[in-house]
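One structure below.
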Amino acid sequence: MSAPLLEVRGLAKRFGSLRALDGVDLTVPHGGLTALIGPNGAGKTTAFGCIAGAQRPSGGSIRFEGIEIAGAAYHRVARLGLVRTYQVVQPFAEMTVLDAVTVGALLRRPRVASARDFAATTIDALGLGAKSATIARSLTIADKKRLELARALATEPRLLLLDEVMAGLTPTECAAAVELLRTIVARGITIVMVEHVMEVLMPLADHVVVLATGRVIFDGSPSDAVNDPGVIEAYLGRP
Amino acid sequence: MDVGPLPQLVVSGILTGLLFALISVGLTLIFGVMDVVNFAHGEFLMLAMYATFGATLIGINPILAVPVVAIVMFFLGAVVYRVLIRRLLAGPPSAVVFGTFGLLVFLQGAAQYLFTSDYRSIPNLPFQGTLHFGAVNLGEAQLVAGLGALLMTALVFAFVEYTEPGRALRALSEDRVAAQLMGIDVQGMNALAFGLGIACVGAAGALLMLTYQAYPRIGTEFALTAFVVVALGGFGSVQGALVGALLVGLVEVLGGFYISPALKMIPVYLLYLLVVLVRPQGLLGRR
Amino acid sequence: MTVRAHLIALGIVALTLTALALGYHNAFILNLVFAGLIFAVLGQSWNWISGYAGQISFGHALFFGCGAYASALFAARHGSPWLALPAGAAVAAILALLVGFPCFALRGHYFSIATIAVAAIAEIAATNLAALGKANGFEMPILAPGIATLQFSDKGHYVLVALALFVFAQLATLGLERSRLGFYLRAIRLNQEAAASVGVDARAAKLTTYAACGALAALAGSLYAQQALYVGPEDTLGLPISIAIALVGVVGGLSTVWGPALGALVYVALARYGGALLGGQGHGLDLLLYGGLILVIVSWRPDGLAGIGRSIRRALERREARAAP
C-alpha cells in the first residue's frame, strides 16, 4: 500500500479576511494514532471540519484513500469511511443511547435488527452497556463523549477524527479512555486526534503534527516535538 | 411611440406595492428581531379591517381610523407576544410555526363565527372621485391608500433607523447574543417588535378598507403575498421588503392585465419559487 | 406501545368499523366515518413529512387534489379509476420531489411557504383550465357499481375501501418507525449536522419521505373523488383543506402512529357540529375551537392528544402498580 490514508495539501479556509487555515499539509499513514496539537485558535477544529466535509474549504486538496474529497458533502465523506466527533458533543438529545448508536450502525447495516445488534456490541465495548436505555440528554459529560465515540465507531470508519474526547474527564476516566483508544487502533482503525492533555497524548501518539495560526509548524515524532524550539515558542510565546 | 396602458399599470402597480410593503415590513420586522415567521400575519390584517369597519360604523372618519387602529393593534400585538409567542419561543422550533398557525385558525374561526362570512365595506366611502394625469386615471381612494402606506412605512423606517429603541431592535436582529450581552432587554424588545409589526399590518388593514371589503378569509391571500415579498427582499430586511413589495405589486398588476386577472397571482408565486431556487438569500439579502 | 399492541389496536378499530360499515345503514353517519378515515390518512401522510421528518407543510391539499383530479379525469374518459390511483400517486410524488429538492436545502420556513405557494398555483390553474372543468369542477359519470368502477350504491362499501387505505397507512407508519429511514428522520430532526457526520443524507431522506407522503395523500384524494362523485378546485386544492390536514396532524400529536387518527376523530366530531367538512363554509365555531385547541396544545402539550393519552396511561399503570403490591 503506497498511498497514505489521508493526504492534505495546501488546505485553506478563510472567514472573511481571517485566514483560519493557511495552507495546511498533513499526511496520515494507514494505522496508528496521529496527534494534532496547537495553541487555542490554531485552526485544529476548523481543519477537522474541512477534512470531514462539515465545512467547505476555501482551497487545497484533501485525498482520502486516493479519492479527492475537498468540498464533498458531509454524509458522503462519512460513507467513504472518514468520521469525526465534535469538541462540543452533538448528541441526538431525545434518543436512547442504543438508538443513537444504531443511527451510526445503519450506515453499513441497512437492516435495523442487525444494526441494533452491532450498536449494542459497540456500546458494551465502550463500557456504556448499562446505560443503553438511558436518554442521551441525561448522561454525564464523560458518558456523552463516550456516546459520541460509540456513534462514530458504529459506522465502522477507517479513519476517525477525534476532537478533544478527553477534555473534562477525570484522571481515572482519562486512563480508561487511553486504553480504549489503544484497542481501537489495535482493531486497525486509524485515529487523528486533537487534544490538550499533552501527557496523555505523548505516549499514545505515533506521530505529532503541530498547528499554529493556520499553518503546520512541526511534523514528526512525539519525542522530537517536545524539544522543538518552534513548538515551544508557539505554546509559550517568544522567550 | 404609443405605450398604451403601461403608465397606468405601472402607477397602479406601485400603489398596490406600497400597501404590500407596509404589510411585509411588519412581517420582516418580527422575523428579523425574533426569528419568528408569523403565519397569522394575514389574520391581524383581517382583524384590523373589521376594526376599521366597526370604527366607521360608530362615526369615526376612515382616515382618522388609520392611526387609531394602528395603535390598538400595537397593543394587541404586544399582548399576543406576552401571552403566546413568548411561551412558544421557549419550546422547540416547530412550536412557533404551529402556534402562529393555530392563531391563524383561531382568529379566522372567531371572525367567521362573530361576523359571518359576509363581505363588509365602509358605508359612505370617501374618495370616490377619479383623478386624471395625462393618460393615467387614478381612483382617489387608491391614491390615498398608497400614499398613506408610504407614509406609515417611512415612519417605521425612521423609527428603526434613527431612534434609540430602533437601534436596539437592529442590534437584536444582527446579533442576538451580543445584544443580550450589551444589556438589551430582549423580552421588552421582542414585545415592541411584535407590537410594531402588528401595528404596521393594522394600519395597512385600515387603509385597505378604502378599496377592499372585509371577510374572514381575506387575510390568507395577503399574507401569502407578504411571504413572497419578504422572501424576495431577504428575511429580516426592511429595505428589501420595500423593494420586493414594489416588484410584487408591479408583477401582480402587469400579470393581471397582460395574462388574465384570474391568473394574476401565478407569476407572483412563481417568482417566489424562482427566488428560492436561484437566490435564497433574497434580492438584497446577504448570505 | 409494542408492535403487538399497535396491531391489536389496529385490529380492533378495523373490525369495529367493518361491522359498522356492513351492519349500520345510516348514510349520514357512514359519510362521517368515511370522511374521518380519509382525514386520518391525510393526517398520517402529513405526519410523515411534518412530524417524523420535521418539515412543516401547509399545502398538503396539493396532493389530495392530484389524486382527486386524476380519479375524475380517468373515470370520465376510461370508466375505471383503477389506473387513476397509481397515476395520481405518481404525479403527486413527482410534484413533491420538485418542491422538496430546492427547498430542503434551505431553512424550514422556505419549505412551508413554498408548499402554500405551489398549492395555490395548482388551485388557480385548476380554476382556469378547461380540461380540469374550471371553477365548476367535474361531475363524475355514474357507473355500474362494483369494485371495478370503485363506485358503490352502499355507503358502507366506501367506508370499507377507505378503511383498507387507513390500515395500509397505519402499517406503513409502524414500518417507518422501525426502519432505517425512520431512525434517520428522527436523527435529522434532533440534530441534522450530527446525523450527516455519521453518513445520513438528510436531503435524500426528506425527499423520499415527501414523495411517499405525496403518493399516500393522492390515494386518499382518489377515494374521496370516487365517493363524492364531484371534484372542484376549492374542495380539493383550497387552502382551507391544507389547513384542515395540518390541524388533524397537530392536534393528534406529531410523530406518533395514532395521533392523526385521534386528530381526525376530533376534527370530524367538531366539523359535524361546525358544518364544514371538505369544503363548504361552516359558521366558524369549529375552527375557533380547533385553533384554541392547537394554541393550548402547542404551548402546553406539544405531543398532542396522543401524548396526553400516553401520560394518562402511565398514571394509570403507576396506580395499578401501587394497588397491587
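The first chain written gets the first letter, and so on, giving A, B and C; residue counts start at 1 in each chain.
To be clear about the criterion, a contact is a pair of C-beta atoms (placed from the backbone, for glycine too) under 8 Å apart; a residue touches a chain by one contact, two chains touch by 3 or more.
Predicted, not measured: the structure shown is a model, and the values here were computed from it.
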| item | value |
| --- | --- |
| Reference subunit C; chain at largest CA-centroid distance | A |
| Chain closest to the middle, measuring from C-alpha centroids that were averaged per chain | C |
| Centroid spacing, where centroids are CA-atom means, of subunit B and subunit C in whole angstrom | 32 |
| Subunit A and subunit C: spacing of chain centres that average the CA atoms, whole Å | 44 |
| Approximate Å spacing (C-alpha centroids) for the pair subunit A, subunit B | 49 |
| Contacts with two or more other chains, residues of subunit A listed in rising order | none |
| List of subunit B residues in touch with subunit C within their complex | 37, 39, 84, 87-88, 91-95, 97-99, 101-114, 116-117, 216-217, 220, 224, 227-228, 231, 235, 260, 262-263, 265-266, 269-270, 272-273, 276-277, 280 |
| Contact footprint of subunit A on subunit C as seen in their complex | 178-180, 183-184, 186-187, 190-191, 193-202 |
| Footprint of subunit B on subunit C - complex, ascending | 54, 56, 58, 102-103, 106, 108-110, 112-114, 116-118, 120-121, 124-125, 127-128, 239-240, 243, 246-247, 250, 254, 281-295, 297-299, 302 |
| Touching residues (chain side subunit A, partner subunit C) in the complex | 52, 54, 73-76, 78-79, 83-86, 90-95, 99-100, 102-104, 106-107, 110-112, 115, 151-152, 154-155 |
